[in-house]
Structures are given as structure tokens and as C-alpha cells.
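Across the two complexes that follow, chain A remains constant while its partner is chain B and subsequently chain C.
Right, the complex of A and B next:
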């Protein structure tokens, strides 16, 4: 099956097979997620017996483990949530732009969030973490509106969207540096770690601050999945199927922005997850959007959780930010995809002149 | 693609004297901007006092400031700006890609990663060692982008290459950040290499880097005619007697010398090389000798003023110059993307 093409007719002719496959994939992923969660809870500077841990999870209190749970569990959960949100956001973006190479970070949406959060840290160093998600969201929203508006010219061409996204991303990065330079050294190093993408030092309030946003927007996207699915066809087909293209696309974009903002508030600029997860998910379950979205979110969570666990343990006592791992894996993968001849020019007729 | 290229015409294409006068004007503008950059913020010393102090820096405080800080800074601004302008024209011509820029293609990121690597892992401090690291870094990144371009099935479209460059930049900058996160004390020391700045660069650094930049610029000037032919498709250029591969290698070498040298001198300064060829093309069209000289002058002009802004906007702290060039230059990317004609 060719990726990036509109969903094949097969998806509709043999739904039973697809559903079956989706159930299996989801079950396996959820199981993997739980297992990996327990594994990453138990590994670290002090190894904890997984069995004992599981008992702790189910109520029996051992003070030592309780402490570990308060240190490790929030961090792992933050990674998990951020990853899920990024995976979901990536799937939405790839669907509405009909471009398997789109991701919130390459398109500059994450850049807007980064600038907003660094700005927030600079202006109000002592602000409660509950303000991080709205700020990240606002930044992402501004960036997205700019990208969308500037790329709009008698319609939306994927090529233009990508290029404008890169430009807006560069401007957001410049703005972030501007804010970074203008701020005090302690804010600088805090913002810095955050910019690379790290869940270091996340605690329960952080998770609690990010959770509603990720869950809310995730649920909304899932409910809206049917409409996003239609957007994957060419404009003519979707219009013939009764989709109101522009409103649907705008809502899809907004959902993607919400998820990106939530993810960034939780884990900083964790790169390339929004690209990797939807890709693997598409290979697993195809492009029927509801399934694709769920699988992509699960995969995103797993990827970030594993990357963070490795970053936390493999180079101990150093704590390598998770974003470095995901970029180190994701960027080569992206380039590989690019070179395998994926057209980023969409089917809307617009294309680069060569 | 086998379209027939029409000659790109600019506002001044058919006015020889217009081109000469505007170029002269730009040149004088560069000189005055550099002079302004030297004098700006020196309190109430008169121009004549500054000139006297500059000519006879015999121990006076003003003379020392001028000699150690202001003059090198203005000179570096002019030279780096001009070199980036040249490199932009070279890169856009040789790749026939109007989106090409040493920043966008990841050459800057490669050079700054290499420099940070040199400082953190190998403890390099000398300017010449860092210059070599910068050259190596931009060479490696340039080779990566080139390999991507040629290994793509068919021929990679400008947008594909731009995306590949963006991904490469993200990868390299996250690796750079990784080095910095692991070595926090180094952060303030090398923040410079991450966003570009003309602050605190000495005349010595300029002298060490100058040969590389001069070599790059000379190659660029020497192959003006060949460059004009590189705008054509390969087979056309070959038919006109060009050895395309050699020309491309030479142009690539020039770009890397210019870009690596600029990073070693001023850190990564993005988007300048994207912006100036577009401005130049708007003025004089794609006639190569004119385009090169206009682009160089415009680059110098923009960079000197960006530097003046960088050190005055946020006083007393100083803004990285890359921030300003990105803010000025990124809209050009949007403009090119919106106009749709990615290829001229």
C-alpha cells in the first residue's frame, strides 16, 4: 500500500478484517505500554522489584516504593502523555495536509509554543505550572493561524504550507532566542533544558496541569475522526462526500494545535515524534482515521516513554533529555522517507516548478 | 524539466547607468553604515576626534576602544555580510533553487555543531582550530544535503531539499543542544555559536578566517561566466561547453569556504543568503556579475545595520545577530513560497 495516498477502497470493502487487525494492534500496544510503564518505573538508580511495584500500585504501601513512585511515576506519565498528544497531533496534521511528511515541529507549530513558554518563564518566573498549557496552546495557535493565513492563496497548497511553516518556525526560534538572551541566567538554563524536550523533574502538579488538555483534545479529535478521515481524499472527492472542507480543516488544525500545546507544556519540544508515530501507525492499521489516530497516539506515548527511560538510565548519572533521542532517531528516518520519493506536493495541482 | 528559461529581468536590467549608479550608491551606503557602526554610541566624541583617535591610536581610551572593538566589529560585519550574500547567489544558482540558503540547507547548523563539538570535546580554543572545525562541519552538512539531492529518485524538488535541510538542521541543533545540556557551564560561553553574533570578535579572528573567505569569494568571482550557464539545465550547459561536474564542485567548494568561514567568524547567521539574492534579482535580474556584486553589497549593508540594532535594542545585553536576520529574512521565505515560483 502506498502511504500518503488517499485511503484505499479496500478499507471500506473489508471492514471486518480491518477492525480485527485494529483490535489486535491496539491490544498489543496497550499491553506493551503497561509493561513498559512498569519496567521504566522499576529501572533507574535504584532498581525496584516490578512485582513489589505492582503491589504498591494496587494499594499495599511500602514507604520506600511510595517515594520512588512520587519521583518516577509522574515523570513517566508526563512522557507518556506528551508522546500520546504528539502522536495524535501528527496524525491529524498528516491527514489534513495529506502529507506524510508533516509534523507539528517541522511546520513551526511547536516553535510557537516554545516561544510562548519561554516568554512566560521570562515574564512570570514564578507562575504556576497550570499556566503552562494555556500559554503553549496560545503560542501554537498564533503560529498556526499565521502559517495557515500566510499559506492561504486561493486555497491551501501543501508545499506552501510546509515552506511557510519552516519560515514561521525559524522566526519563532529567533524570537525564543531573543527571549532567552533577555532573561536571567537561571531562567535561561531552565528554559534551555525545556527547549530540547525533557520531562526531567516533572511532578504530579505538572501531570495534572497537562492531563485535561491532552485528554480533552484527544477525545475531541477522536469524536471528530470521521470528518478528518474524509479530508484525506482529494478536495473534489471530499466535497462530493459532503465534507465542508474549510470548516473541517480549520477544526482539524485547531485540534492538532491543542494537542501540540498540551504536549509541549508537558515535555517541551520533543522532536519528530509527531512524524514517527503516525508513520508506524499507518503501516500497522492503514489510514482509516479513527484507528490511525488511536494507534498513532499509543505509539507516540510508547516512543517517548521508552526514549525517556533510556535517556534517564543508560548514561547515568547523566540525564539525557528525551528530545535528543527522538531527534537522533527521527531526523534520519525523516530524511529516509523524503528520499524514498515521497512527494510532498499534494494533489491540489500546485507543485514546485520542478 | 525542459522549460525554456526566460531571462530574469529586474527593475534596472535595461539601464546600464542605473545599475552602475545604484551599485555605487550601495557601496557608499556600506561605507557610511560601517562608519556609523564604528561611531554609534561612543558618547559625544566628535567625528573628527574619532577619526583622529582611529588614525593615531596612541594609548588613548577612545583609540583602544576603536581599535580593539569597534573597527573589527564593523569590518567583520561588512565582510561576513558580503560573503553570505555571495554564498546565497552561488547556492541558489548551482542548485537552481530559489529557496537555497546556507542556513536553510543546514550548513550553518553543521558548522556550529562542529564548533561546539570542538570546544566541548576537544577543548579547542584557538580561532584557527575553530575555523577548521566550522569548515569541516559545513562541508559535512553540505555533503549530506548534496547526497540527499542526488540520491532521491528522479531529481529532488527544491521543496524536498528544503525540507531535508530543515530536518538536518533540527537534528544537528538538537545534538548541539545535547552537548550544551550535558555541559551547562559551557552554555554561556558558546551561546554565541548557536545564534550568531559579532560581539567580541577580534581582528585576529578576522585575519585567520580571511584567507578562506577570500578564496571562496575569488572562486565565485572567477566563475561568473560558468555560473551564468549553471542556471541552465545540465545538458544545455554541457552543450555550451561547460564541464558541469567540475563547475558544480568548484561552486560547492566556494560555498563551503564562505559559509564555514562566516560561521567561524560570526556564528550561524541565517536567512541573509536567502534574502539578498532575491533583493538583488529584483533590482538587476539574473545577470550574474551584477547579481553577485549587488548581493554582496546588500548583504554587507543588511548585516551591519542588523548588528547595530542587535547591540542597541536590548541594551545593556546584546542580541544575537542571527535572531535579527531570521526575523528580517524569514518573511522572504514566505514571500517566495506564496509567489509559488520556487524556481525563479
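Right, the complex of A and C next:
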């Protein structure tokens, strides 16, 4: 029939997106990331001249630097990738659960991974690192399926998802502790490092093992962004707009699980990043999901990379696991953000689950 | 053309709507009236394909809407729910852009057509200047206009609005209703809405549908629906109906609820007979 809206007196076509803010934020973050990467490569027990390093990166070989590059670079990359994955996973979860306090560690997804990895180390102490990502992913998946199955009532309600997730998280923590108690001391210490979240000793194979998960799920999430975006509105709104709530939530949740598993495989249970990065990203670019996701991933990467660099250098010769830093610095910073008065009040908008 | 055929709708085992038949006349403003909890929102949500009836069906242009994809339906029919929620950071423009979602491609490109629809929706709702404000910071009336703008950006012929004027002051209620009437008269949108103000409903509607206990009690022109008998039946309120001195549409003057507690209102409410007498004298 008659389509279209009232023609207004002056309808000028303006650029679709308010891209500029996002563009600036992204550019700054990418620049920061590159700079911090180089700084991070330079500092340490032996200081490397950043200029020489850059030359090495571009091909001219200095054997000494080459060596350091093979030690430091993979570790830094592992931190970076794990952080990006956690930032992205956190944003997805906060969007589909419509709650800025959700994060993969809170919801037992990380807990599932932890239990799986500790179990793996206990059963096969000499297992190759290549089994870490699938194990972490499997743990995350089992936890996620449990959360899903138990929260499901003819559809998926965000509130039930949170509550069941917290319960599963507690159970996974108990299981992990039990497995630890049952393990031999050397397994315990390896597991312990993993549980705190550490990229200590990461080498190129580690990075190569984690990279496909993070890139693959990251790209998939980005492609799916508009559908995750719409889940942030109340069910009636998104359903009336043609969104298929339950399938989209399932896919979003799966993407979050994949990213979390990848991050855990790379860096262990690094705490707080999945909460902090999405929160800062939301303040910077808002919640249009495509932008939010990218910003949150970049921020997560930067946070973990910086935290690991500080942990590695500040207390030398002590190598403080990155997870301790993200929590020790991240938590107070998070509280500071909350106190600054950004809205975090409970979110409504949940109607009949569908 | 939207049509409900003998539908039964419920939540779980609770049946809310029963044996309801309704035809939404194209090009008209149809308003549902009825007591709280009688099933108006449920009916609207069923018409919008959000709830599947346990019996009967809803037809849109002669086709069962539950056999069509949600997206396809969303291109023909827009719904503004009773209490919509958006994240607090969302700006007016972002909200309105959401209305283009059903028209989007899988990867979500943005066409000139999309942009134009958004601009026009903003202009129609007089929101162009507020486009970059977070919806959360707007006044009630502005916020409601932003949500309506979102449904306009969907570019549907059918607009379903659940209580678009509730919680607004009188001037903002009139503001919204005037805009809706304009959309209907000038741009031929078929509008179906729920209103609680009977007199405004009578003034602005072509058709009124009185919903009572999950079914249509009566429907038709406001003159036919707004009678003391209907009001008594669906609201349990005694009233007199006189012509609205401004619009000529029926005007309902309540007298008292039939089962009002003795004593509670004794000082304020006159006995029905007395009041009716007083009104007749006044006329």
C-alpha cells in the first residue's frame, strides 16, 4: 500500500553513523597498542633498544634481539590475544544478559574452563599445550550447556541465566579446588599459575594454538554484531522488530564461550578484564554493539598486555602473574568508575521469556 | 488487513483471551479500551506475532502470520510495547535506527533508503534536534516520541501502540495523539492502540473496541461503544455520556463505581441518582 513516512520540510541525508567518535577511539587504541607492544618488548631484565627492535621486526637480524624476540614477543602476544578475547567475550555477555555486571568469570564459564584444565593437568601431566585450548573450550562449553539447560524455561531469560551461572561458577570452583587437592604438588603449582592467570613461559606454539580460536570467534562475533545489538532491548521490542531471540541468544552465548575458552587457553583465568574492558568501552563509544565489541576487545588486549608487562618488570626478579595485576589494579579502578556516578542501576526490560 | 480469527491466548495454563474475533479496518484508528488486566496488551502482542494463540489464528493480508518469518511481518507491522526498554546509553538516533533492523541485510549495511527513513521518522516526531541525546535523559513525552519514531522508521502500514500516552501530562497526550492522527490522515497508516483516557479515545478513534475478560465486549464507532451500559459492564463504573462540547464525540462523566465501599468515598461521591439528576439539570 502506501509506504513511507511523512516527507518533512527539510530532509537532508546525513552520514549514517556517528562514526567519528568511534574512529578516533579505535585509532587511538590501536596506536596505543602498537606503542605499548614495542615498549613491552624493550623492557625487562635486559633492555632492548626500541629502534633496534623495530629494525629486527622489519627483517634485519641481530641475533641477540632475535633471541629476546622469541622469548618476549610470544608472551606479549599471548597476553594481548587473551585480553582481546576477554574484552570481547565480556561485551557479548553484558549485551545478551542486559546487565553491565555480567562477565565470563562471574558466570561460571571461566570456572568450567579452569576445572577442565586442572583436570587435564592432573590426568595427563605431560600433555602438549595444543590440548589446552580444546580442553579450556570444552570446560567452558560444558559449563555453558549446564547453565543453559538449567536456565531454560521455554526460552532464555537473562535473569535466570545470571543466577544459574553464578551457581555453576561456585560449583566449578569447588570442583577445581577438589581436583587441586587431589593432585601431586608439581601439578598443583602448574595449575595454580594457570588459575591465577599467567602468560609466563608462553612460546610461539602457545600463541599459534590460541590464535585461531580468538580470531575465528572474534570475527564471527563482529559479523553477528547487529543481532547481538538488538538483544539489548526488551524482548518485546526486539521480537517485534523481527529478531529471533532464543536462537540469537544461543549463538551469542556460544560466541562468548568460544572467546572465553580461547582466552583461558592462552592466559589462564585472568580475572576482571571481562568486566572492566566492556565497561570502559561502553563509556567511550556507547552500546551499539559492533563498535562496543571492537573497542572492548582492544581495551582488553591493552589492559592485559600492560598488566603483564608491569608484573614481569616491576618486581623483578619476581614475575607476578598477570591475573593478580588485573584484579589488584582493575578492581579498585572499577570501583572508582562506579563511584564516579555512571549509571549501573538494575536494568529492567525483561518480559515474558521467549 | 489484520484479522484475528477466534483466537485463544494464554500464558502457560492461564488463559487470558478466549474466542476473540476482530478485524482491524485498514486506514483507520482503532483503540482498545478496557480494565487493567483484561487482556489488551496480550491481544496487541498476539496481533503483532509475539504470542502464539493456542487456538485460532491471526491473518495479515489473508496469510497466517505465524507461518511467516518474524522479519517479514516486521516489515508490515510495527509494535510499540507497553514498557519498552533500551540501554541507558542509547541515543535517539540509535533507537530510531533500530527500526531499520527488519529491512537490514545479514551483515547490516546501511543504505540511503535506511538513512532517509530515519531522518523522516525523526522529523515527523520533531526529534531532529534531540537526535544525539541519550533517550534516558529525555522527558517522558520526548521519550515516547522517540519510541514512536523507532516504529515509524520501520515504514510499516500498520502501527500497534500499547498505551502510548500513559504517564504523560495532558498536553503531551494531545501532542502524541495529534501526531498519530496526522500519520493516519495524511500518511494513511493504520493505527491500533490502547488508551486509558476514554474521552480522548472517543475523540481520536474511528473505531473503539471494548475488551472485557479477554474478549471483545463490543466494537464500533465511538458513539456506539461509549455508552453507560458498556462502561458499566467493562469498568464497573456508573457514568453519564454527553456529547463532547468541543469535538462532538461522546464524553463519559463517571459518577461512582458500583461497588464502592460505604464510607470511603461518602463525603465526595454523590449517589448516582442524585448526580445524574444534577447533570440533567445542568444540560
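One rule holds for everything that comes next: the second predicted complex is superposed on the first by the 305 of 354 C-alpha atoms of A that agree within 3 Å, B and C clash if a C-alpha of one lies under 4 Å from a C-alpha of the other, contacts with A are read in each partner's own complex, and residues count from 1 in each chain.
Methods note: contacts are C-beta pairs under 8 Å (C-beta built on N, C-alpha and C of every residue); 3 or more make two chains touch, one makes a residue touch a chain.
These numbers were taken from a predicted model, which means no experiment stands behind them.
Of the two partner chains placed around the shared chain by superposition, neither chain B nor chain C is touched by A:256.
In the superposition on chain A, contact of A:338 is made with chain B only, not with chain C.
In the superposition on chain A, contact of A:234 is made with chain C only, not with chain B. Residue contacts after overlaying the shared chain place A:282 against chain C, while chain B stays out of touching range. When the shared chain is aligned, chain C comes close enough to touch A:226, but chain B does not. Within the superposed three-chain model, A:121 lies out of touch with both chain B and chain C [touch as defined at top]. Once the two complexes are laid over each other on the shared chain, residue contacts for A:321 go to chain B alone; chain C is not touched. Comparing chain B with chain C, the partner in contact with more residues of chain A is B. When the two complexes are superposed on chain A, the residues of chain A that touch both chain B and chain C are 350-352, 354. Every residue of chain C that touches chain A in the complex is listed here, in rising order: 11, 26, 45, 48-51, 69-75, 78-79, 81, 83-91, 93-94, 97-99, 101-102, 104, 107-108, 110, 112, 114-117, 119-121, 123-124, 132, 136, 152-155, 157, 182-183, 186-188. Across the interface of their complex, chain A is touched by residues 1, 96, 99, 103-104, 148, 151-160, 162-164, 166-168, 170-171, 174-175, 177-178, 180-182, 184, 187-188, 191, 194-195, 270-271, 314, 317-320, 322-324, 326-327, 330-331, 333-334, 336-338, 340-344 of chain B.
Residue ranges of chain A in contact with chain C, taken from their complex: 1-14, 16-18, 98, 223, 225-226, 230, 232-234, 236-237, 239-244, 282, 286-288, 290, 343, 347-352, 354.
Residues 101, 105-106, 150-151, 153, 157, 159-160, 162-164, 166-171, 173-175, 177-178, 181-182, 185, 188-189, 192-193, 195-198, 271-272, 318, 320-321, 323-324, 327-328, 331-332, 334-335, 338-341, 344-345, 350-354 of chain A are the ones that touch chain B when the two sit in their complex.
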